[in-house]
Structures are given as C-alpha cells and as structure tokens.
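Presented sequentially are two complexes of subunit A, the first with subunit B as partner and the second with subunit C.
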Partner chain A sequence: MKKTFDLSSLMQSKVTWAVIAELLILLVCFAIRPDFFSISYQPSTGMLYGSLIDIVNRSAEITIIAMGMTLVIALGGTDLSVGALVAVAGAIALKFLRWDVLQYHPPGDYTVCSYALVLGVPLVVCALMGLFNGFLVAKGGIQPIIATLILMVCGRGVAQILTDGKQFTTGYTPFRVIGQGSFLYLPMPIIITLVVVLAVALFTRRTAFGAFVESVGVNPSASRLSGIKAGTVILIVFALTGLLSGIAGLIYSSRIMSNDSNNAGLNFEMDAILAVVIGGTNMAGGRFSLAGTVVGSLIIRTIVTFVYYFGIVAEATMAFKALIIAVVIVLQSEPVREYFAKRARARARLNGGAAA
Partner chain B sequence: MTSTKNRQTLWSRLTNPKYIMVYATIGIFLVIYAFGAVAYGDKGFTTLRTFVNLFIDNAYYGISAVGMTMVLITGGIDLSVGAVASLTGMFLAYGTSVLGLHPLTCIAAALVMGVGLGLLMGWVIHYLNVPAFITTLTGMFLARGVCSLISRESIDIHHPMIDALAGWKIYLMRLVDGQWVKVKPIAFINFNVILFLVMIALGTFILQRTRFGRNIYAIGGNEQSAKLMGLPVGYTKVMVYGFNGLCSVLAGLSYALYVKSGWNLSLQGGELEVITCAVIGGTLLTGGVGYMVGTLFGVLLKSIIPALITFNGNLLSWWGKLATGGLLLLFICIQRFVVTSARGRK
Partner chain C sequence: MSELLEMRGITMQFPGVKALDGVDFTLRAGEIHSLLGENGAGKSTLIKCLTGVNRMDAGTIRLDGEEIRPASPQQAIALGISTVFQEVNLCPNLTVAENIFVGRQPMKHGQIDWKTINRRAAELMARFHLDIDVTRPLSYYSTAIQQMTSIARAVDIQAKVLILDEPTSSLDENEVQLLFNVMRELREQGLGIIFITHFLDQIYAVSDRMTILRNGHLVGTWGVSELSKVELVTKMVGKDMDVIFNLKRADVPGDAPYMLKAEHIGDTEHIRDISVSLKKGELVGFAGLLGSGRTETAEMLFGASRATKGSITLDGEDVTLRQPFDAIRAQIAFCPEDRKRDGIIGDLSIRENIMLAVQSRQGFMHPMSRQEQTELANQYIRVLGIATPDCEKKAGELSGGNQQKVILARWMATQPKVLILDEPTRGIDIGAKAEIQRLMLEMCGGGVSVIFISSELDEIIRCSNRVVVMRDREKVAEVDGEGCTQQDILKIIAEGAA
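Let's turn to the complex of A and B:
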C-alpha cells in the first residue's frame, strides 16, 4: 500500500521521467556499443577517457548556462541572450590575449594583457549585460523574453565590432587549460561545472534565495507584499545568468583557442531552456530543480553522442534531439501525468478494497 | 463603448489610441527614410528602385511575419518558421533537381509538411498544455534536422517553371509626354513582392473582418475569458499555428525563388528576424495587440537599416545588428509607456 503510493508520486515527478529517459538512451548506446561504459586512463595527458566522460565534458557549457536559466525560468521568464553573451565573452578574451593584432604575430604562447584581465573583463562585461537584462525586466517591467531578445539580436554584433569582424587564434597555455586541461584526472570543464553547480545549489538552497526566486516566480506582487524585494531578486538572477554565460564562453573559446562570433554559443539559449524544461522546471515559473536541469543537459548531450554512433551527419542530430525531446515533453505534459496519477489512484483504491 | 459611438467618423477611427504603436512605427520609418534621403540622396537613396528593393529583399521575412503576427496576437510564439521555410526550399531543390519531380508536386508536399507541422504544434500547445516556446523549438529542431538529413550541400534549382516564376517581373512605368516609359533607374516588382502584399491584405482581412480574427484578439486579450465566453479557443489556436505553417511554407518558396537554391542552413535565426519585424511593427508579445499594417512597416523599418549601411559603405554590416537591437529597445520602451499610460487612464 505504502509502496504503491511512493511509485505513483515518483511517476508524477518530472525529474523521474528525465532520469528514466537518460538511462534508456544510455542503455541503447550500451546495446549498440558494448564498450560504451568503459573508461580508460591516458597517462600522457593525465586524464580519464571514455564516452561517459566525454558526454559530461561536452555538456559543460550548457549545464553551466542552464544553472542560471533554471533560476530565470523559475522566475517565470526566459533569457534568450545567453548564446550571444558566450560569443561576447570569447571575443573580449581573445581581444585581450591578442591586442597586437594590427601587426601580424603567429598565435604563440603569450598574452598581451595580464591574464587577470583576459579572464576578468569578459566575466564582468557579461555580468553587466545580464544586469542590463535584469534592469529592463525588474525596473522597466518588460517581459523577460522581449527584454533579452534585444541582446540576443545585437550581442553578436557587439562581439564582431569588438574584434573588427576578425577571428583571432592564440596558443597561450594558461588559457588552454580552461577548456582542455585536467584536474584530478578529470577534464577541466567538468571541474568548473561541478564548482558552478555546487555554488549555485548552495546559494539557492542553503540561503533563502531559492525560496525567494520561487516565490517571485509564482506571484511577484504577493512576494513584494510579504517583504521580498522582487526587483533585487530579478536583478541578481539575470546578472548571475550573464556571469555564467561568460564562464561558458571562456570554456568554449578555450576549447577552440579562438573567438568565433558567428558560431560560438549558437542555439545555446535553446539547448539551455530545453535542459531546464526536460529537467522538470515549469516554464510558468515557481518550483525549480537544479538536479533535474543537470540531468536535462546530460540528456541533450547523450542524444548527440548517440546519434554520432549511428554515423549520422552532425547537423541532423537536431531531428533526433527533437524526437526524443518530444517524447519526454509529452510524457511530462499535464494531461499525461494526470492520466498516470488517476490510474495509480484507481489501483491504490482497488488494492485498498481488496485488503479490506 | 456606448451604442452612439458605433458610427464613428473616419477621423475619430484613425485617431483611436489603439493605433498609436502603428503610427510610431510609420513615423520612425519616415524619419529614418528622411535621414537617408538627406544623407545619401545624391547616391540615389530616394529613387523608386531603392524603395522597391526594400520589398524585394525582404519579402520572405514579410510573408512569414504575417503568420507570426497572428501567433503573437494569440499570446503564443513560433520559433519553427525559419526552419520550416528552409525545409520548403530543400523540398523544392531536392525534388526538382535530384528526384526530377514537378515543382508543383514539391510545393504541395511542402504545404502538407508545413501546415501539418503547424497544426500538430498547435494541438500539442493547446491540448497537451506544453509551452509554445518549447513546442515550436522542438518543431524547429525537427525541421532543421530533416533539412540536414536531405542534404548538407546547397542544391541549385533549375526548372523552367521556377526560372519563369523567379524571372517574372513588372517594370514600374511612368507617363512621359503621353507615353509609358520605364522609370530610371529601372525598378520592378516581382512575384515575391506581390505575394507579400497579398498575404498582408489577407492577414488584414482575417484579423479585421472575420469572426476568426476577432477570436484571435479575444484569446490574446484573455484566454480564460475567451473560453468562458464560449469562443472556440482550441480550434482558433490550432488553426492559427496551421496558418502560420502555411505562411512559413510560402516564405520558404519566396526565399527559394529569391536565391534559386536550397540549403540546409539557410534562414538560420530567421525566426528572430521575423519576430523582430512584428515587434517593431507594434505587436505586443504579451498578446492581444497587433496590426498587419504595423507589421508591413516593421518589415520596411527593419530592412531600411541594412540599406542605409550599404549606402554609407564604410560601416561594418554588424552595425546593422546593433541598430536593430537599438530599435527593439526603443519600441519596447514605447510599448511599455503606452501600456502603462493606458492602464493609468482606466
């Protein structure tokens, strides 16, 4: 009796569906490639290798951005500008690494400005851009989707103008470490992701901030009346999302050791929003699940890896992504979950009747 | 509204505050046009050709913006339009050039695909209660993925019918000494421009003169009230997404005629261009407000910026993106101001 109840409540939880979907995709991968779960150690780079490691590594940017996106969506909004901010961060970092672009130097192991500026300025600029979004939303009372549309449309333009439409490359070793280095046998992006996820989780769950976010997401006026500064909460959340986009932008440009204002972070906003929704956070705002978002981000990356195994062209992964996401979303949709809940309740009643 | 107000004069109808956003769009377009005329008049900015080219180069965005405006008025959003238009181009290019099908067959197939996907997305949005953003994002991924499955290379379209349709043009004439001569420099309108204007007219008719159009506004105003009034909310929403699918296919056809090829990555980000056109045309993303005339001028306003940059000749084309972002900000602030003052009046 007790067990049935647990199962039904589990079935109604959106995160459960996300975990089940992820496990199913992994199982299919395993069935196709039995060596899928194997992880080997590469002494030359001091890193562990394997498909699972690769999935987590490659999902780093989306996971990091999706942490901020989870909070934005919990507020009942969306941030469309994150992909453009990834491009901006890369452009600024490369600009500071290679300020001397006017005279030609081959990309070497050097930086023109101090390394603190290379890392610091992009993060500060991205956080400020996030703050600009937050200002429009909190003080201007503009819908987040429109407010962030502005930076989405012109963010890449800013990145291009900052670098005069050029693409720089660099060979500076400390910069390479961010995206390609390793720490404790793990690729650096995984470590950064872990730190970010932990920091955001602690910030939202160990303080009242998470509850504030959920409260503002459910009803901003009621939260204001109960003494929560809704405007400040919104500003912090958008600035945080901007900052996280900047971190993702540094990882991205460190992976390619270059800035690519056209393609860096392309469709990242879409992937991040998908990760959040698959993870079970409702787009209408309110309760959010950071763990669910991490699973959602992993699902998206696993699908891509899965499709590569079939030898299908990279661009076509979108179609498979769409199909699997469609299944997850339909399973998570209200009517379907209600149907399961009703069936579980009916069965519980039946069992109860039999016991009596 | 009292019953005595039913018979309004034309003037009082035109000065209705609900059109203020449309007037703002038209006004800013005129200001920018006047600026271009002063700054680059000697380079030919004021010629009829430059003006007509605004239509020719952006007809496909405009056609799609007609459907998008309706979707936005219902309070929804459709991110799949660029990908569906691109897929239409792929159907046409792959069908005629590789499979040797007749273009009409390909267009029919594209129509079934586009309208079908639109209806399906509308159904999922309304009956499964999945956010429009997510549903249409999935639709976009699906259409874009299928594009790449068909081909990753750009395919040229060579077919007598397509060539004829793409090459068909009406030269603009003027009367000189009782004789019709072509205007100099030569300006013409083509099939795309006519399709764009016909779609705008059709959209205006649907929105302003049909029960279906009134239902669209009612749903955007307040979906709950619309439902309580007994309006067919589900039917209307599904049909609006279906109509938007139709517009996307026509936009894809128009784009294919414009570039005479199909490419799996064409029109990437096109959905945002289209949404931007609608927003700077005065459509509220919260739903309930929007006019086709506004969208028409929104398209012109968005397309005049690249034209200005081309005439300037010294600026990176990226300044266009910045200017578009600035325009968006300006319009959003005006909208915000209008909405707040309207609320204050109540």
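Let's turn to the complex of A and C:
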C-alpha cells in the first residue's frame, strides 16, 4: 500500500494543533524580539544559554510529572498529589543534606548520610506514596481524584513534619549538579527529562503496557474479562507517577538548594493535567500521546517565559496564561478540528480533480 | 383502514453508498407493521429519516395526509412520531416517574408537581399491567421494566406512530409476552406501530403486515399470513438459507475424553450448586430464562466471579480460577453477554481488540510486535469475514455482528480448549447469526468444547449435543439435543425437572 500524506487526518490530530500553537507563540516572541531565538555558549559554565534552552530547562519538572499524569489520565483518572510529592521529595533530600542545624560545620559540602540515600530515599518514598494512591484506587475502588486528594492535602504536612517546619539549605556540590549542572552543553534537567521521556515511551510503547492502559481506560470491565489485571496496571501507573514526582522534586530543590514545604511543586498538578490535555489526551481516558504531553508542557512554559521576557505585569501573568490556554483548547475542540479537516479534504479533492 | 403514514420514494445518499433507494413504506392506524432486513439493509436509515435524525435526499413523507419534513427528533416527537430504541435511552439514576416526565414536568405554583407526576406515572404503568413503585430509581428495575418505561414515555407524548427498534433483544420470554400485550392494546387504541426485530417468531406472533428491505431497496410488503418463514428469510437475505437450516451438530465420539468438569460449584449469592461436564469437541447449550443462573454459571467457569465451593477440572487437571486471567491461562475463553459493556473496547482498533487476550496471557513484558498483531488480526478478519477496510478501524464503529466476530476472534486467537459463548447471536441479523453458529460448530469439529448460552431455544436445540436447563439458579435437567423439542424444554423451565 502506498503511504500518502494525509492532510485531513493530520488536521484532525490534537497534537498537530498543539505544535501549531507552540510555533505561533514562538513566532510572536520572535516578531517582538528577534534575538529571542539566539543561543550562546558560556565557556565558564560549559552550558548553552538562550530563551529556548531556558524554556525547555524550566519545563523539566512539569514534563517529567506529566509523563506519569498522561498514563493516569489515560486510565480515566487524575492524580492531584503530584505537587505535594514534589515537596516531600525535597524535604527528605534536604533532611539528609542539612548543614545549618549542625552548628560546628561550616556551610559547604556535607551530608548526614551517603549520597545514594539522599537521592534514593526520596524516590522510594514518593513511589510508595504513589503506590498508596494506586492501592486506594485499585483495591478500594475510590475515584482517583478523591484518593489522591488525601496525599495532596497531607503530603505537605508530612514534608513539614519531616523538616520540623524549617527550611534547610545546602551547599553540597553533587546535589547542585541535578538542577544546575550541565551535560553535553545542556542544562542537566533537560538531560534528565530526555531520559525520563524516553524511558516512559519505551516502557509503554515497546511493551504492551501502553495498550493495556488504553484498554482499561476505555473499558475496564471488558479489559478485565480479556485477562488484563487492571489492578496491577493501576498500581504501576500510580507508583510510576509518584516516582516521577520524586524526580521532579529533586530537580526543583536542587535548583534552589533548599526545601520549601509550602511552595515547592505548588499547582504542579494543575500544570501537569493541563499539559496532558493540551497534548491531546482525553480526560475521559483511552488513547494517550506522550509526545503531545511534551508539547503541552512546553506551551505552558513558553507562555510563562513570554510573560517574564516581555515584562508583562506580574499580576496579569495568570490571566494571560489562561487566555492563551483557552485559545489553544478551543483550537483543539472537535468542531474546530472538524472544520479544518473538512476544508483540507475539500482542497485535496480540488487538487485531485485538477490533476486528473 | 386509512393510511396513517405514507413514505414515498425515500432516497438517502451517504458518501459512497446509497443507503436508501426509492423506498416506499406505509403504515395504517391500528396496525403493527414489522420492518425487516439484514443489518445494513436500510431499516435504521429509514427510521432515521422518519424521525428527523437524517435528512433524506429525495422522497415525501405524509402523516395523516399532510406532508411533513421533520428536521430533528424533537420535531418528529412534536408531530406524534415516538421512538423506543434498542438500548434504553433513559437516565438510570432518575426515578421511573421522572424518566417518563423529564423535560415536560407538570407545574403547579411555579414548582414541579411531584404528586401529579407520580400519580400519572403509576397510572401509565398500570395500563401495562405493571404495579411498581414509580418513585424508585430506574436502575432498580429489570431491563424489561426499563423498556416499558421508555414505551410509556413515548406513548404519553400523544404519539400517533410508535417505532420500536429491537425492543425485545434483552427481554426474556415472559417479558416479551408482556410487551406484546402492551403493543396489542396500543394497536386497539389506533396507534400505528413500526416493529423492528431480528426474531422471526415474534414477527409472526404480533404483527399484521411486514415490509422487507434489502441493500437499501424495497423488496415488498406482505401480510403475515402471505409469507412463510423460509420465504421471508430468503427474501431478506436474497439467497437460499439452506445453510441455516442445515447446520449439523458436532460429532462427538462416545469415548471422547472430558475436557471440563465442574463439580458442585457455587457461591452464596448467585449459584447454589451446579455440576457441568463437557467432552472434547462437544457443544452444550444452556437454556433458561434471564436470571436463571446461566450467565452466573458461565462467569464462574471463567473466574469472572469466584466459586466458593466445588472443584473445576480442565483436561484432567484441577484448576483454581480466581480471576479471568487464570481462566485464560488455562485456555478457557468467554464471550460475555453484554457486548458493549464487557466485550468490545470501542476506542481501540480491531487489531488491538483481537490481540488483547493473547497479549494479556503473555503479560505486557512480552509484547507481540506490531507485525505479529497485524498478521493475527488480518488472519481472523479473513477467516471470520469481518467487514472492514483494514484492521486499524475503531472496533466501536463496526456493526453489531462484526463486533461479535471481533470478540470471537480475540478468543479464537488464544486457541481455547473451552469456549463459553453467552448470547453470541443476540441483536445481530440472521445472516451473521447463521455464520456465528457455523463457526461455533466448526470449532467443535476442531476439538474445542463449547458452552452456548442463548435465549432462543430453537438455536440451542439446533446446535447442542446436550442441553442444560436452568431455573432459579439451579440446574434442573440435562437433555439430549438430538430429538428434543422446544416444548420439552419450555415445559421443564415452567414446571421444573420431570
């Protein structure tokens, strides 16, 4: 069979529209400030600098979390606890890295335990918390939005307790690398994001896990009767989302070299859900697109960068973000996509007629 | 008798197909008129033109002599054309009374007059000889009563024409009789009823005339006494139906080994105590009314619900079935009764639907390659004659018969030793039905043991080596398929074991 470029189906894809939206926003940036796209090399840090790099770098946390959120939403659920888990991960890491409470130590490289534990414990705890979410959903039959509300509310409390309500800071160099270091001229968060996206993509698409997730998301009853262990699928997805929130939490706290139980990961759940939805995954569950989610996350970050870059008053940031997102969502809506797909079909017919 | 409804030269063009080509249809007041044809013959399209869902391309519709052109279902209802669809189109969480009056609640002092609503709803249901509490949520009641509720709603909207689209497909024998009584009563009151069904017996039982469509063309209109069943089927299908009436039962040698033996299985709620055995290559039919425990037994044999007692032996080995996965690993397969809810995964492609059970047995860490999946799907699309351009089409977009074949393919792909089919022929047209029966018997020939559950006794008797008769969640009898009649089985169902 000959593969043809099918404009009509391309115009119907939500991912296409997300990409178009992202390009449009970037184009506006470019029109206002032609140097927006410029990228320079800074020999002192060994890193590339520029607005584009910054957008990708700053979107790392949301992109990583949204990978898990995509699967949760494909199952027909949502995970509200991801932001709180970001705070938990930071709190645990900083508990191990604290130097300020031990007065005789000068600020600098110091941990109370091995670096492996500094990274490992937060990740394991977050994964377990995700597993707890999954357990409530899979075994308890609780709606995901309610089940994850529990950790959303009490997660920050746990973080507060772990750190006695204090904000620790650290100077431990290896920890700085995660959020501020570089690799292959790129900021480390970008590298971590690439690895995570690739790993999740491989895990879902190179195994049958993605198909199982979609199947359970579309029709849980039929999936069970086809032999899919829906409970196991749900547990894995929520645990994975917890783990990814933990990774995002480490990046976040490494950027500020501190923990912040109140503000770390604040509203991340909303941004992550938004990234998934903009990326074309339906909130009702079913088909998901990881690539779409990445684009969705980039769009959100591009808007924020746009606001900073062009000095729009801080108070208007949220409203502006909402405006752009509203436009993107409307562009992706069924009637609009159908309209453009129809026009594309009509044009294809016209061209075909002329050729014949 | 006057013509209540007159449709002339109805033509409807979809991209690539002429769904209706100059079809005529007339309906008299006070008649039950069956509309027949295979899936895709144009029945639904004709009804959709009449009810304003589709805009016809040519033709005229006259109601009471006046030309009408309903542009929306609401308009059609306002004109007096009410439809009751196959799937109950009501809100399960509202009460029966609310469902009947939703959208047109009688008001009193600016507030909804609940008293009147409930009283009138109770009166309406009483007209159908149903004495039920109309203030209970609809989901509390059986499908039959839900069906009656939608008819009550349709009739109460001052209908002149009532369209019943497959109303009986989820009803059992008694409920069907109840519905027929209601239909006859409505006929006496001068309503014109269009009745669409796949059950030939029911057409003869209740209708006055019938109109047959085939491939978007009108074949003709006859009085029920003018056409025999065989003639009717031949006209519907357009070819001789020897195939259907000449199906041969599976040939099971007397010394064939037992494939499945379930002894005294049961739980506290659904099934008391049931023993069933199946020989290799044997087809055993489960007969009984809805709720007699047929489905519950099947679910237990598949691990979809857990047996708390008894033992199941498969091919000589004891098996414990805690979940469907265990059954699939033991090579038991199960096509559930409710295709939409438990069978097809509508948003996924045909390919994914077919590979699903095989893949879940292997576990997700051992994925089939895309090429393997496509080959598997294409193989079954070919073998089962699934009508689709390719295997990437969404399974939910297929017709009922083809969806059923996709589910069958899903299970055939697992190479089962035991295949349990719960109402596999429900709601699909006679051609597809015959094909499913043929496939079932072919699989028996290949050594698969089949449990066949159906509400239609004639097809159970036609296909089964043995028939297990169930009643009140118990097995009451087991009879040979050869030489037994519908009357025998009905008698057992009615009176218990002989």
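Keep in mind that, in the parts below, the second predicted complex is superposed on the first by the 320 of 356 C-alpha atoms of A that agree within 3 Å, B and C clash if a C-alpha of one lies under 4 Å from a C-alpha of the other, contacts with A are read in each partner's own complex, and residues count from 1 in each chain.
Just so it is clear, a residue touches a chain if its C-beta (ideal position, glycine included) is under 8 Å from a C-beta of that chain, and two chains touch if they have at least 3 such contacts.
The structure displayed is predicted, hence computed values, not measured ones.
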| item | value |
| --- | --- |
| Subunit B versus subunit C as contact partner of A:F212, first or second or both or neither | second |
| Which of subunit B and subunit C A:N57 touches, first, second, both or neither | neither |
| Which superposed partner A:T241 touches (first subunit B, second subunit C, both, neither) | neither |
| Comparison of subunit B and subunit C by subunit A residues contacted | B |
| Partner chain(s) touched by A:L151 [first = subunit B, second = subunit C, both, neither] | first |
| Touching partner for A:R287 - first (subunit B), second (subunit C), both, neither | second |
| Partner chain(s) touched by A:R224 [first = subunit B, second = subunit C, both, neither] | second |
| Shared subunit A surface residues [contacts with subunit B and with subunit C] | none |
| Contacting residues of subunit A [partner subunit B, same complex] | 78, 136, 140-143, 145-147, 149-158, 160-161, 164-165, 270, 273-274, 277, 283-284, 312-313, 315-323, 325-326, 329-330, 333-336 |
| Partner subunit C, residues of subunit A touching it in the complex | 206-209, 211-212, 214-215, 218-219, 221-229, 286-287 |
| Residues of subunit B that touch subunit A when the two form their complex | 77, 79, 124, 127-131, 133-135, 137-142, 144-149, 152, 264-265, 272, 275-276, 279, 285-286, 316, 318-322, 324-326, 328-329, 332-333, 336, 340 |
| Footprint of subunit A on subunit C - complex, ascending | 302, 304, 323-325, 327-329, 334, 336, 341-348, 352, 356-357, 359-362, 364-368, 410 |
